[in-house]
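In what follows, chain A forms one complex with chain B and a second complex with chain C.
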Partner chain A sequence: MSVAYQVVGKPMPRTDAQSKVLGQAQYTDDLSLPRMLFVKVLRSPHPHARIRAIKTSAAQKQPGIVAVLTAKDIPGENSMGPIIKDQQILCADLVRYAGDAVALVAGETEQAAEVALERIEVDYEELPFVFDPLKALEPDAPVAHEGGNIGTHMKVRRGDIEAGFGQAAAVVEARFITPRVEHAYIEPEVALVSLDAQGDVSVWSSTQYAHLDREEVARMLALPQSRVRVRQMVTGGGFGGKLNPHAQCYAALVAWKTGRPAKVHYHRDESLIASYKAHPYVIDMKLGADREGRLTAIDARLVGNTGAYLCQGRAVITKSVTHVSGVYYIPNIKADAYAVHTNTVPCGAMRGYGVPQVAFALESLIDELADRLGLEPLELRMRNALDTTLPNATGQIMPASIPVKEMLARAKTSVESLRPLLKETPPGRKRGIGVGCSSRGIGSIRKASRSTAVVSLHPDGSATVACGHVDLGQGSDTMMAQVAAEELGLDVDRVRVITNDTAISPDCESTSASRVTYLSGNAVRFAAAKIKTRVLDLAAREFDCAADEVKMRNGAVAHREQGLSLAALFGKNTMHIITEVAEHLPATTPPDPETGQGKPAGTYNFNVHIALVEVDEGTGKVETLKYLAMGDVGKMLNPMVVEGQMHGGMMMGMGFALSEEVKIDCGVANSTFATYLIPTACDVPRELIVDVIEDAEPTGPFGAKGFSEGSLDPVGATMANAVSNAIGVRVTQLPMTGERIHQLLRRRGEAVLKAVN
Partner chain B sequence: MRFELLQPKNLSEALEMKKAYGERAKVLAGGTDLLVLLKDRKLKAEAVMSLRRLRELNFIRVEDGKGVRLGALVTHGDAAASPIIQGRFPDLAEACSQVGAVQIQNLATVGGNLCNASPAADAAPPLLLTDALLTLASATGERAVPIQDFFLGPRQTVLRADEILKDIFIPEVPGRRGATYLKLGRRQAMEIAIVGVGVAIHLNGSDQQIADCRIAMGSVAPIPLRARRGEQVLRSQTIKDELIEEAAEVAAEEASPISDVRGSRSYRLDMIRVLCRRAAREALARAQRKKQEGSK
Partner chain C sequence: MSRPRKIRVTINGRKVEAAVAPNQTLAEFLRCHLSLTGTKEGCDTGDCGACTVLLDGKAVNSCLVLAVETHGGSVTTIEGLSSDGELHPLQQVFIDNGTVQCGFCTPGMILGAKALLDENPNPSEEDIRLGLAGNLCRCTGYVNIVKAVGAAAKVLRGGK
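What follows is the complex of A and B.
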């Protein structure tokens, strides 16, 4: 079944590309308003302390200072958070990590505010603190958060774990450790807020969820949401990190208190110190298989360090634990996942959302198991791969669009073609090949979620799409335009997509969880289809024919030799616009809290990656010679966007695999991009190949589904398997810095020496 | 960040200004260190004196029979691309081409790299290998300071408040000399060295007879330094692999690295050994090739 589409499936540059390349795109920090104040945030220097008193009078007297604000100045609720609102906007009595916000200074200039910040006197009573999540689980550990250090415990229970291991001919187990990771969006957090004459609040911000900005600002100011309007400006990346509108709240509080416009923009160090990160995990995992190489059981304990606040910890942990069996059918599963509080920077959403961490552990053990069983790693994967008949860890069976076996077969050919290169290893180097797989439920796993779109067709044959899924730079606005254009028979440039204004675009929940294409793409398509039906019906009446005999293209309708412009058709029917609203709510069942069983996602995305690496035996440095990223996306709406996302996700995964690690001394220790190292253009693998598998998702718009996170998910696992294969030692900790690999090589060397002597 | 901007038009004007302002005026060359420090408020400046207009300090010149002179404003990019430097001091060209990335190399100067006195300054080890002389100028005169006496500690040099670095003189090294600089970072660009090692080897007629050996190291002590005892192991010796190993061992003993976010002390010590061995072998190979080229 192949349908010829006009717009969908065609590579086309993003609608925002030119303005960005020319430097004309307007980011929040490009805006300023008359009489605008600059806001600076005073942050706790202590990981855990009680606030005895805050003296602001000296700061207030500084030249150019208009206001100094603390928790008691907040008129409404003093709480924020993307999902769980357990962090105070300004700490009233306790600070729980070095970086927690305590007071705001608003000045005529940024410099004045910075100087005054140092004049605020906070009397702290320092309290015992804990950084290590395993220590935090010990009985007499300092309590990092009221209610205890276990923020969440999520479970998966399937089958009979003991019987499963009983059937196993080989069992492998290990502890895996992953780093705390920074999103490193190019644009740090920024917000501008002003009040109009009626006291209504306008927010311009860099955000992943404009409606959450609205909700949080309204709640803090005790205002109805209808009196707060948020416009997301061009946003320089989010990757999950812009789902907690702290900057927006700080600017709003100052604007509210002073009546003057107020701007907050974080410098890079503040963003690194204060904003939430991706969870570091300690994973204990045990995996068994029978003699035929069929997986029989998996037992896993996942400990995610969620830091001082739960933020999104519960949801991230849920995603991890429900994805514990990856792309495999494992009949017996026992998995426990914990979000554990410590006195460190909070952790929340980041591209991958708990999947890259478990994929690293699982895929490493799959390779170990293959070794034990004397099977090729890809063969063991093939024998256990999910298909349309087998359930994943949540018990869900995907009836279509699950091309895992096809991908593994292709991977086999690729690996064979790489093998000869192992023989060309230069002296002093070691080469290895690694494979890694991942699966990902699209959309939020812990609850059902819905998208709403309003599509309007205008008489001149142009259309407006309003749908509140903001574009962070990933290209979703372009794809929404393609979907509407396809359905309405228009050119893409006749469609204007407005996703960034809470006064116009309906709340579609956040831009996250790889959900926009699948959810909003459907909502837009359904609304456009309703419009088309109405137009065709009107035209059929005019032409005296059946609706399905009418063609709609380029702002006109036609039947045989008869034709009418939309303007004429609208005119004859006294219409000025046709507007339709539609929703998409996939039929899902959230995982049961005791067993993890349900039907949590409308569709799944699968990835198989292959890496050929070369390790320097002297320094431990890893170089990626070739990287192949195979991704299943359903049908591509825009191949150019798909490719861009896959490159970006793959390189982001490379950072997780090789260099990125937020370290804690008191607060974040590496708070600059000179010490927190993301990959540069020079670190891209010598050869990077993207291979897209198109296996239509019947419930997706034009067969499409989400995949953007998927391109990151298996990178850590793939690279770890490749490096382990190269050096002959199992890597159990990321990132694989030269120093870590050097240590492994040394230890192996010592072990070999011992064996010889 | 507020300061008075001084823009002298020539060297003598600059020296007069420096005399008048002393410590209060900070010298700006490419600004890639200075502006970062000022922005982070790790340094306060009443005035900033830009050397940008001092064209007379932007040159690379061969002084016949004596050596090569680089004006203090030569950028890493220009040094790395210069046939003069590439031909005579490939180790310096290698170092300059590994500073930051292209954007940094276009702005940052070799002079600024030295005056900033970071233990990790990439240009320092190659210049230490050649006994380069730094010309320090003030309104009252000039003095030539050997580079090994220039650094006092992190961000500290012998530059007086009224002085600026005018140029760098690299004495010609006659005979068969091979040299290289190896830098280890955690990523391929925009990275400060975990360890940097330069080695120069001079041959004495025979391919196997070492006349002189020099080893310089960065990021392993409060200042970039020569591994003089390590050099001693190879000097005037017939080349043997065990000697290279031993020289690397001894060089590591001369270092006093710290642990920081880039790497631990023990990793750094290991890496001195690794880079030293590799650099020595490469320097030797380069020196050996010189004859073949010469005799062709």
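What follows is the complex of A and C.
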């Protein structure tokens, strides 16, 4: 049965768009306070060293310097991290990567602070270091982090792997390497902190999780959380990278010690050097299928370089390993995933969260296997695709909203339509078509995850939604307003959504894991529905009818010819506000640590992408001629927002596929946008089609589920398959820079020559 | 440190006289001195384009221009683009085409697009992509930005 909705499902510009095009939206760095201090961070130049002594007196004496602070100035706990708090806010005795924070300088001007930074003397004893995660696993490797270099080992065990490979008619295996990737939000990290007359702390910040800012600042200052109030300002992108409130802690410590407002604003190079990244992986994977093209077994070893700190490494690795079989049913699985410490910049959450890396490996091997079996790549995919009866790698069966086979069928039509274009390849170029698929559990995988919303209806027929899932630009505030408006029969502009203030909005955990639509969307809907029930009951009493005979629309209630404004209804009942609280806590079971088996996600999102690429044989440069991104979103709450997310995720994936790679010399080597290359407008495929598949998720708000990361997940895989198809050599390392592809072409040329001679 | 220099510059149609440090960038001058915070700073090295403003009608990275260099010139920032509460057609198409996400690149992107359209009122899609290649956006994948600029060109050609 299809239900006609008034507000949800309609394309609608986001509620903050006008303030942004006018330049009026207030980001954190747009705020200044009287007597505000500027804070700079001294960072370790060494990848691994013991701090013998820090002398701050010379810096302290510089003109315009108000404070120089080190670890010993921290009144509470000196630790931070989005999940695992294994990083010191200011290093007390050890630095573990070149970029670790050692001291803070607070000055009257930014320039004064920068000058004084140079005058801090740190006596370091350099220690042996390791950058390569495979070397870090060797027995005599330098220890990058106390407790050993294996930060985490997560497993999946299903069936009998030996029996599975025994049944295989073809087996393929390879090692795949993926890059360390930077989020590259255009707004760098920034925080402003001040104290009020009672000594309570106010934080304004660019953040993905205002309540974590509050928790970390309170813990560092040994204050109750009730004395810290965080307001997330308009945030210039996050993509997973603004979940560790280091800038917030630095500003708070200075404000606390000096009594003056303090601002921390990273320049781009500091953001690139010190913010955590997406994990680079080394993946050894082996995949087998029987003669009929049924996958029989997969064996995988995933090594993620988590850098100096684990922060989110355990959760990222868990996401990877539980998604090792992608959109396929594979009866026999053995997968081991490790988060390995090295003396490099820490890695944590980034859009994709460990899925794009495994999708690249798996989808590449699917193509190789199809080749061995003499099957079309899409045919092999179709024969093994998950449906409502088959379990994924965690043993979870999704009873609904799993349109993989439908998507593959559509993909087949698209690929057929692209094939004639292969014949139009210009001289000096090679063309190829590639397909890539991905699956993603929505929300946290390692633990249950809850969202809470407080919705209030006012007598004038307006409503307020308080829900702590901050909007980073993805449009969730607009969608939450739509959800409440739909349920309460209001226009969207009568609903105000407040997600950004810890004093008003309840903690909903972080804006991450594609979880806001699914979790908070439901919480908002449930709370609004409770309000509606109360209003209808009150009206039914007035109209002397049954509640289900009352209509609630545009701030009024009606039954046949009788009508009442909400103001009148509230007045008759001496009411000034109706407030309801609701939450959504999907019933999940975290993966078992020994087998990875469980029911880790409330719902899953699926993506199938297709690319037609052209490779320049002279330079190795890859150009994307056509790209089709098919994404399953349940039902769309706002098609304009969905489309925007799919475009953005797809292009972020294009960076992962073609150009982005954070390099390490001592610390981060390429710390500018001139050397770390994210896609520009010129890198957009000549033709990009977004195809949204709507297959309602019964447990989601109005059938919706999360999708923001999914549009990135299969891009690396899709592009690698297309390029491999074009050049006739299997690509096993991303990004596919011109240089790398050129080398593959040259080696292939040499091999052909050798064979001829 | 050298002494501040006096400059006279027209900002968004208003004459401004100010004493600025010789090493102060135009971006800092706009943001800190004049509180025109619609101009955003994303990299300070001229790589991201978030701080794009118009200097004598041309798009510049205001982080790479010194305030003293604008003496006698005319600067347009995002705050100067709309008039009497009426959005510039570029601003309107950016809203209508779902072009705005986090919005941090938006002011620079709109001004970069304005410079492009002032010079080439009828750009091809390729022209638009090339013209905006110096303005980085991480949220939108550029697709709707390119579409919006094309739509704005149409509106502007129509004499609206």
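Quick note on the criterion: the second predicted complex is superposed on the first by the 757 of 757 C-alpha atoms of A that agree within 3 Å, B and C clash if a C-alpha of one lies under 4 Å from a C-alpha of the other, contacts with A are read in each partner's own complex, and residues count from 1 in each chain.
Operating definition for what follows: a contact is a pair of C-beta atoms (placed from the backbone, for glycine too) under 8 Å apart; a residue touches a chain by one contact, two chains touch by 3 or more.
Quick caveat, the model's predicted, so the values are computed rather than measured.
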(request) Go through the superposed model and pick first if A:Glu77 touches only chain B, second if only chain C, both, or neither. (result) neither
(message) Output check: A:Thr680 vs chain B and chain C. Expected answer is one of first, second, both, neither. What do you get?
(response) both
(request) Check the residue A:Asp160 against both partner chains and state whether it touches chain B (first), chain C (second), both, or neither. (result) neither
(message) Quick one: is A:His742 in contact with chain B, with chain C, with both, or with neither? Answer first, second, both or neither.
(response) first
(message) Output check: A:Gly618 vs chain B and chain C. Expected answer is one of first, second, both, neither. What do you get?
(response) first
(request) Have a look at where A:Val234 lands relative to chain B and chain C in the superposition and call it first, second, both or neither. (result) second
(request) Name the chain, either chain B or chain C, that contacts more residues of chain A. (result) C
(request) State whether A:Ala17 touches chain B only (first), chain C only (second), both chains, or neither. (result) second
(request) Have a look at where A:Tyr185 lands relative to chain B and chain C in the superposition and call it first, second, both or neither. (result) second
(message) Going by the contact definition given at the top, which residues of chain A touch chain B in one complex and chain C in the other?
(response) 674, 679-682
(message) Please output the residues of chain B touching chain A within their complex, sorted ascending.
(response) 1-2, 101, 184, 186-192, 194, 261-264, 267, 270-271, 274, 277-278
(request) Under the touch definition given earlier, write down the residues of chain A that touch chain C in their complex. (result) 11, 13-14, 16-27, 29-30, 32, 183-188, 234-237, 239, 267-268, 472-475, 640-641, 643-644, 647-652, 672-674, 678-682, 684, 688
(request) Please give the residue numbers of chain C that touch chain A in the complex, ascending. (result) 31-32, 36-45, 47-48, 50, 77-79, 82, 87, 90-91, 94-96, 98, 100-107, 110, 128-130, 132-146
(message) Using the touch definition from the top, list the residues of chain A that touch chain B in their complex.
(response) 111, 618-619, 621, 658-659, 663, 669-670, 674-675, 677, 679-683, 737-739, 742-743, 746
